[in-house]
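Below are two complexes that have subunit A in common, paired first with subunit B and then with subunit C.
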Partner chain A sequence: MPAIAAHHQPDRNFKYWIIAPAVFLLLLIGLFPLIYSLVVSFMRIDMMDTDTSFAGLYNYKQLFKDSRLWWSLAHTLLITVIALPLELVLGLAMAYLFLEKLPSRQIFISLLVLPTIISPIVAGATWRLLFDNKYGPINQIISWIAGQRVDALWTINPSLVYPAIIFCEIWQWTPFMFLILLAALSNVDKSQTEAAEIDGASFIRTFRYVVLPAIWPVMAIAILIRGLDLFRIFDIIWALTQGGPGTKTETISIYAYVQGFKQFETSYTAAIAFLVIFLLTVVCTWAIRRMGLVK
Partner chain B sequence: MVTRRDVGKIGIAAGIAGTAGLAPRAAYAADGAATAVEAAKQYAGQTITIVWEAGLQSLDPLNFSGPKWKELTGIDVKVVEVPVAEMFTKIMQDFKSGAGAYDALNVIPSWMPDLANAGALEDLDPFVDKYGYRDELMKIASTYRDNQMKVNGKIYGLPDDGDVFVMYYRTDVLNDPAIQKAYKDKYGADMPVPPTNWKDFDQVGQVITEAGGGKLYGAAFFREPGYGNFMFQERFRNEGGKFFDADTMKATINSDAGVKVFTDWVAENKWAPAGVEQWGFVENLAAFLQGQTAMTISWPPYGRWAASYGTDQEVMSWVPKSTIAGKVGYAMTPGGHPELAAGFCLSVSSTSKNKEAAYLFIQWLNSEATSLERVKLPYALRDPFRDSHFTDAGYAALWPEAKDYLKALQDGANNGLLDLSLLQTDKYEEVLRQSVSKLWAGDDPKAILDAAAAEWDAITEKIGVDKQKAVYADWASKSGAYPKM
Partner chain C sequence: MSDLKITNLHKHYGAFHAVKGIDLDVPSGEFTVLVGPSGCGKSTLLRTIAGLEEASSGTVEIGGEDVTWARPRDRNIAMVFQNYALYPYLNVKDNIAFGLRSRKVPEAEVEKRVSRAAEMLGIGHLLKRFPRELSGGQRQRVAIGRAIVRDAILYLFDEPLSNLDAQLRDDMRVEIKRLHQELGRTMVYVTHDQIEAMTLADRIVLLRDGLIEQQGAPLDLFERPKTRFVAGFLGSPKMNFIPATTTETGVALSDGTRLDVPGRSGLKAGQAVVLGLRPQYIAMAGQSLAPGHARVPVTIELVQPTGSRVQATMPLGGATIIAELAAHDVSRPGERTEIDIDMTRAVIIDPQNEQVI
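Entry: the complex of A and B
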C-alpha cells in the first residue's frame, strides 16, 4: 500500500501544473488589467501629465461632484427601463406567434433574426440616414401619411430623440429575446398547458402558473444579458446622436469614452469604470438572487 | 518631378558650398522639392507612414503624391486614413504607447500646442536648417506661416492648407431686379450685393426666402455642432466678443456678443431651409449646388465644385451636379474677418523611427513646386496657402471666375481669424460643440452660454490659471486672434 500511495502522489500535483498555464493566462488578461486600472484610478494621469504619484481618493471624490456623470447614469437607466420590458414583451409575443406551425416559418425566423447579426454601429449609422431630415425616408413616409410636409428632427429634438433611440434598440435586439424565448416556449410540456386548457384556465392564468415557471430560468438569463447590454449601450447612440443634443442622450459608456479617449482623463476614467463595476456588481447580485437563479 | 536642371542646380550649389566651406544648409537652398528628393534617395526601399484625414483628403497621397514620391525616391508611402474627429486621439495614443506607428502627421494647427507640449511632435528646426528650407517656408502666406507653424518659438508643423471660410452667393439671384425691389420695398434702402455685415445678410436672406416660394431660400449654414464650433468662433469675434478676460482668465463667451450670435442663429433658422439644424458639409453643399440656397459660408472647395471644376471625375461622383456654374460670387464672410477654420500642418512624429525620411517627404509635399500641383488637384481638399498659389496664372485659368476666387481666398487669409488654440483646446471646443447642440434642443441662449463659461472656467482652473493665461496671451497677441477694430 505505501508503495501505491507514493506512486499516486506526483499525479495530484501534476494536474495543477497542467492547468497552471491556462490560469496564468486568464489572470494575465483578466485580472491584471483590472488591478492596473484600479492603480491608475488613484493617480493623476491625463493628456498632458503622467503623474504616477498617489492621488488618494481625489478621482473618486470628483465623481460625486460631476453632475454630467450622474445625468449620464440617469439616461442609461431611462433607456434600460423602457427598452428592456418592451423587448421582452415584443419578443415573447413574437415567440408565441411562431410557436404555431406557420407556412415558411423557418424563413421568417431567419429574416427576423437578421438585425441582431448587424454590428450596432452600422445599425446606428443606417438609422441615422433613415431619420435624416433632408434625405431620410422616415420623414417622407410620415409626410405621405400626414398629407403634409413633416420635418421631424429625430436626432436633435429632445422630445423625439429618445423614441428614436429606443426604437432602434428595440428593432435590433427584440429578435434576440424572440429567439431565446421561442426556444424556451418550445420546451414547455404541452400536456400541462393542454390540461390547464381542459380545466378552463384562461390564457393569462395558464401563462402565469404553467408557462412562466417553465420558461423563467431562460427568460431571467435573457433579461440579465439584455439588461447588462443596455447598461453599457454605446454604439447605436454614438452613431445616432453622439450623446446629443447637448448631453441629453449621453450614457455612462459614452461619457466614459469621451473622458477617456477624447479628453484623455485617464485616471478619472478609471475611477468611472470602477464606479460602474461597483454598481453593476450590486445590481447583478441583487437581480440574480431576486430572480432565483441561484438557489 | 526632378529635372536635369534641378539636379544641376543642386550640384552647383553643393560645389560652391564645398569650396566656400559653408554648412550643408547652402547646398540645399536651391529648391525645396528637388532638395528633398535628392536627400531622400538614401532611404530608397524604406516605407514611411503618414496619418491623413480619411476620405477625399487622402486621395492626394494615395493617388498623386504618394506614388510620385515613390517614383522619385524609391520610398513607399503608407497612408493611414483617420477621420478628423479621431486624429488627435490616434496621434496621442501612438505617442503615449510609444509604438512609433506613424512617421509623418497631419495636424490641425490649434492642436499643435497640446501635441508639442506633450512631446508628440518633433522639432523641425534642425531639419529646416539642414535642408535649407527656411526661405521657401517664408513664402507661405503670412497668416499661416506666422500663426500656424511654431510653438514656443520652435517649428513643429509646415502649414499646408489654406483653410478659410468664404461667403458664396448667387450673382443671378442677388442681382435680380425683382428681389432688389422687394428688398427696397421692405427696408427702404438699396439691397447690398453682397451683404458685408450680419444685419444686411439676414435681411437679404429673408427677402430671398420670401420671394423664393419654398423653392429658393436666402441662405443655409453649417449648423451641426462640429462645424457650429467654427461658425461661432468666427461670428462671436466679428460681433466684438473676446473669449477670455485677459487679466483674470475668466471666460467671457457669455457676453452680449455671444448671446447675440446664438439668438441670431435661432432667428435665421426660421427663414433657412427646414431642418438646417442638422446640416453639415454635404447637406449644405448639395442645397447650394442644386440652386436651393442663394448664399452660404464654407471652406474653399465649395467654390471649385460650384464652378464644376473637377467634378466630372469618378471619385467626385458623390458631389451633386452644379446647376449654378458661372453664377457664383465670392466674398468675405459678413463682418469681414472669416475663420481660418481648422487647416492642416504637416509634422513629424517624435516616436518615428524614420524621422529624416518623414521630414523630407513633408518638405517635398509642402514645397512651392509640389504644393502648387496639390492645391490644383480637383479631388483633394488642400486649398491655396502660398503667395504663389494665389497669383498662379495656371490656377486663375482653371474656370472663368477662378481669379476672383483666388482673390477671395487671399483676402480671407489676410483678414482671417485663427481658431482658438490653448492648452487642451479640444476641451474648450467640446463645450462649444455641446452648447450648439443644446441651442438646437431649444435651450435658452443666455443659460447655455453661462453654463459654457462656467465649464470653461473649470477647465482653466484644472489646467492652471497662470499656465493657461500665458498661453492665451501668446495666442491673443497673434495678428489673427481678434479683428483689428
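Entry: the complex of A and C
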C-alpha cells in the first residue's frame, strides 16, 4: 500500500529539536553566568592583584563583618517598608476614584501613567534638578508658601534625603499600582457591591469581604513585583544622591555596584550578589505561600 | 398605608429617556409585578427604587418617608439580583447573615433568623457550603434567603428566575408565591415573562417605553386590556388580531364573515378596526350554540399538540389565527370543520391609536 508507506512516522523527539536552540541560548545567558559568578565568589579575584586562587568561604565570612553592607540592606528595607504601603494605598485610592465614569477619564488615566513610562534614571535626574537648593522650583515654591527664603538641601541634608528619595519613588511607581488595581477593581462583580450596599455594609466592610478577596490575587502580584523592584532600587537614588551623603542612602544594589565597579572587588561582589539572591528567594517563597498565590 | 409611592419619576441616561414619568402606589403587603418587554424601563425603575440609580426627577417614598436622595442602605429594602450576586468568598450562612451583621444585629438574633430563613427555603444543610459549590437553584434560594432574613419594608426582585432552567423556574415561582403568602411582606418583582407576572402578581404593572401602559389585577388586564399592546403581551399563545370592519351589531371580516359582538350594538358601522380573539376562547363547534358564540367554518392548517391541549393554526378573515383546543378535538391538518368563537370575550381595537374601543 504505497499511500501509507509514503506517510512517515513523525519523529517523537522533533519538538525537542525545535526548542533546543532557545534552551541553549537561555542556559548560555542565564544559567552560565549564575554558576560562573558562584565559582567566582569562592575565589580571590580583584583588579588590584593577579592572585586568583581558591578562597573557600573567605568572601562569605567577610560579609558578616561588613557593617557597610548591613547598613545598605537596612537602607533598602527602610525605603521598601515606607514606599510600598504608600504606593499601595495611594494607587488603590486613585483606582477607586477612577472607577466612576468620569468625563475624559481616559485622558486623565493616560496622563497619570506618564511617570511610570519615563526611564527611572531620567526621572531621578529631573527630580535632582527640581530639588536643587539654589535653582530648583521646589525650594522656590516652599519659599513662596513660607514667605521667607528656604534653602533646603534635599539631596544632601541627611534628614531630608530619604523623604526626597521616597517621594520620587512614589511619584514614579504609584501609577503602576493604580493601573493594575484599576483593572482588578473594574472586574469586581458590580451586583455584589450593590448587594452589599443594600445589605447596609460600610465601605470598609464591603472592601474587606467583597472587594479585597476578589482583587487579592492581582493585588498580591502587584505587591510582589513592586517589593522586588524596591529591593533592587538603584537608578533613582543613583541619579539623586549616588548613595550619599557619605553612605547614608546606599542601598544594597548601590553598594554592590560600588564594590564591583569602583573598588573592583570582583569576588566579594559576587558573594554580595549571592547573599541578595538567597534573601530574595527566601522572602519570595515565603510571600508567595503566605499570599496564597500557590495552592 | 402604602409602602412604596412613586411620583412623576423620570430617569435619563444621557440622551436616553429610560423612565418617562411614572406614578405608582404599592399598598402594604401587596405583590406587585413590573412586567414589559426588554428596554421598557422596568429594571431601571426597580434600581431607582433601590437607590442604585439616581432619579433624574420625581420622588420615591418608602414606608411613608421620602428616600429619593437616600443611599440604598438607608432605604430599609432587601433585594434579590438576577445573577444572585452572592458573596463568593463567604459561605452560605455568612452570605445570609451579612446584612444583619452589617446592621449590628446581636449574634444570637442573627443565628436565630438565619436558621429560620434557611429552614423556610430548605437550605439548612447547605449553610457551610460556598456559593461555587451550589447549583443554580440552590444559589437562588440563598439569594432569596439573604433578602427575607432582613426585616425590610420592601423586598425587590430583579428577574430572579431568568437564569434558571424551565423546570426549576416553575418550582421557584411556587416557592416565591408561598413565601409571599407566609411573610405577607410588600414585594416588587421585575420580569419580562408574562406567565410569571400572571401567576405571581396581586397586581401587574405593564410598562412600555418608560411609561405605565396599564396596571391592575392580572385577570383584569387579561380580560379587559386597554390597548392592543396589553392585549398582545399577556396570554400564551398570544391573542389573535384580525383586520375587520364594524357593522351595526359587531364586525365583518374581509371574507364577508359577519360576527356579532354582544353588548356592542352602538358601534358606528363601516369603521376599520382590529378584532382581538384569545386562542383560549375559541372551541370546536359543539352540539348547541352557547349564547354570544359565533360559529365559523374553517380549515385547520397546522396542529401543535402541547399534551392536554392542542394549538391549531387556521386561516380566518385574511389572517392566520391560533386556537387552543382540547387534544381530542382535532384529528389531522387539512380537516374542514367549524369553530365556535366566544364573542363576549372579543376585543375591538382602533388601529389608529391602538386603543381598545
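The working rule: the second predicted complex is superposed on the first by the 283 of 295 C-alpha atoms of A that agree within 3 Å, B and C clash if a C-alpha of one lies under 4 Å from a C-alpha of the other, contacts with A are read in each partner's own complex, and residues count from 1 in each chain.
Operating definition for what follows: a residue touches a chain if its C-beta (ideal position, glycine included) is under 8 Å from a C-beta of that chain, and two chains touch if they have at least 3 such contacts.
In this text, all values refer to a predicted model and were calculated from it rather than measured experimentally.
Enquirer: Both complexes share subunit A, so when I overlay them there, do subunit B and subunit C fit or clash?
Expert: These partners fit in the superposed model.
Enquirer: Which holds for A:Lys248: it touches subunit B only (first), subunit C only (second), both, or neither?
Expert: A:Lys248: touches subunit B, not subunit C.
Enquirer: Answer with first, second, both or neither: which of subunit B and subunit C does A:Gly200 touch in the superposed model?
Expert: second
Enquirer: Is A:Gln192 contacted by the first partner subunit B, the second partner subunit C, both or neither?
Expert: It touches subunit C, and subunit B stays clear.
Enquirer: Who wins on subunit A residues touched, subunit B or subunit C?
Expert: Looking at subunit A, the partner in contact with more of its residues is B.
Enquirer: Which partner does A:Arg290 reach: the first (subunit B), the second (subunit C), both, or neither?
Expert: Neither partner.
Enquirer: Using the superposed model, determine the angle subunit B, subunit A, subunit C defined by their C-alpha centres, to the nearest 10 degrees.
Expert: In the superposed model, the angle at subunit A is 150 degrees.
Enquirer: Tell me which partner A:Tyr209 touches in the superposition: subunit B (first), subunit C (second), both or neither.
Expert: In the superposition, A:Tyr209 touches subunit C alone.
Enquirer: Under the stated touch criterion, which partner chain does A:Phe261 make contact with: subunit B (first), subunit C (second), both, or neither?
Expert: Touch partner of A:Phe261: subunit B, not subunit C.
Enquirer: For A:Thr155 in the superposed arrangement: first (subunit B), second (subunit C), both or neither?
Expert: It touches subunit B, and subunit C stays clear.
Enquirer: Between subunit B and subunit C, once the two complexes are placed on the common chain, what is the minimum CA to CA distance in Å?
Expert: Taking the overlay as described at the top, subunit B lies 52 Å from subunit C at its nearest C-alpha.
Enquirer: Using the touch definition up top, name the residues of subunit A that touch subunit B in the complex.
Expert: Per the touch definition, subunit A meets subunit B at residues 47-48, 132-134, 149, 151, 153, 155-158, 244-248, 258, 261-264.
Enquirer: Across the complex, what residues on subunit A touch subunit C?
Expert: Against subunit C, subunit A makes touches at 189, 191-192, 194-202, 205, 209-210, 213-214.
Enquirer: What residues of subunit B sit close enough to touch subunit A in their complex?
Expert: Contact set of subunit B toward subunit A: 89, 92-93, 114, 117-118, 225, 273-275, 277-279, 283, 286, 423-424, 426-427, 430, 434-435, 437-438, 440-443, 463.
Enquirer: Which residues of subunit C touch subunit A in the complex?
Expert: On the subunit C side, the touching residues are 50-52, 71-73, 75, 77-79, 81-83, 85-90, 98-99, 102-103, 146, 150.
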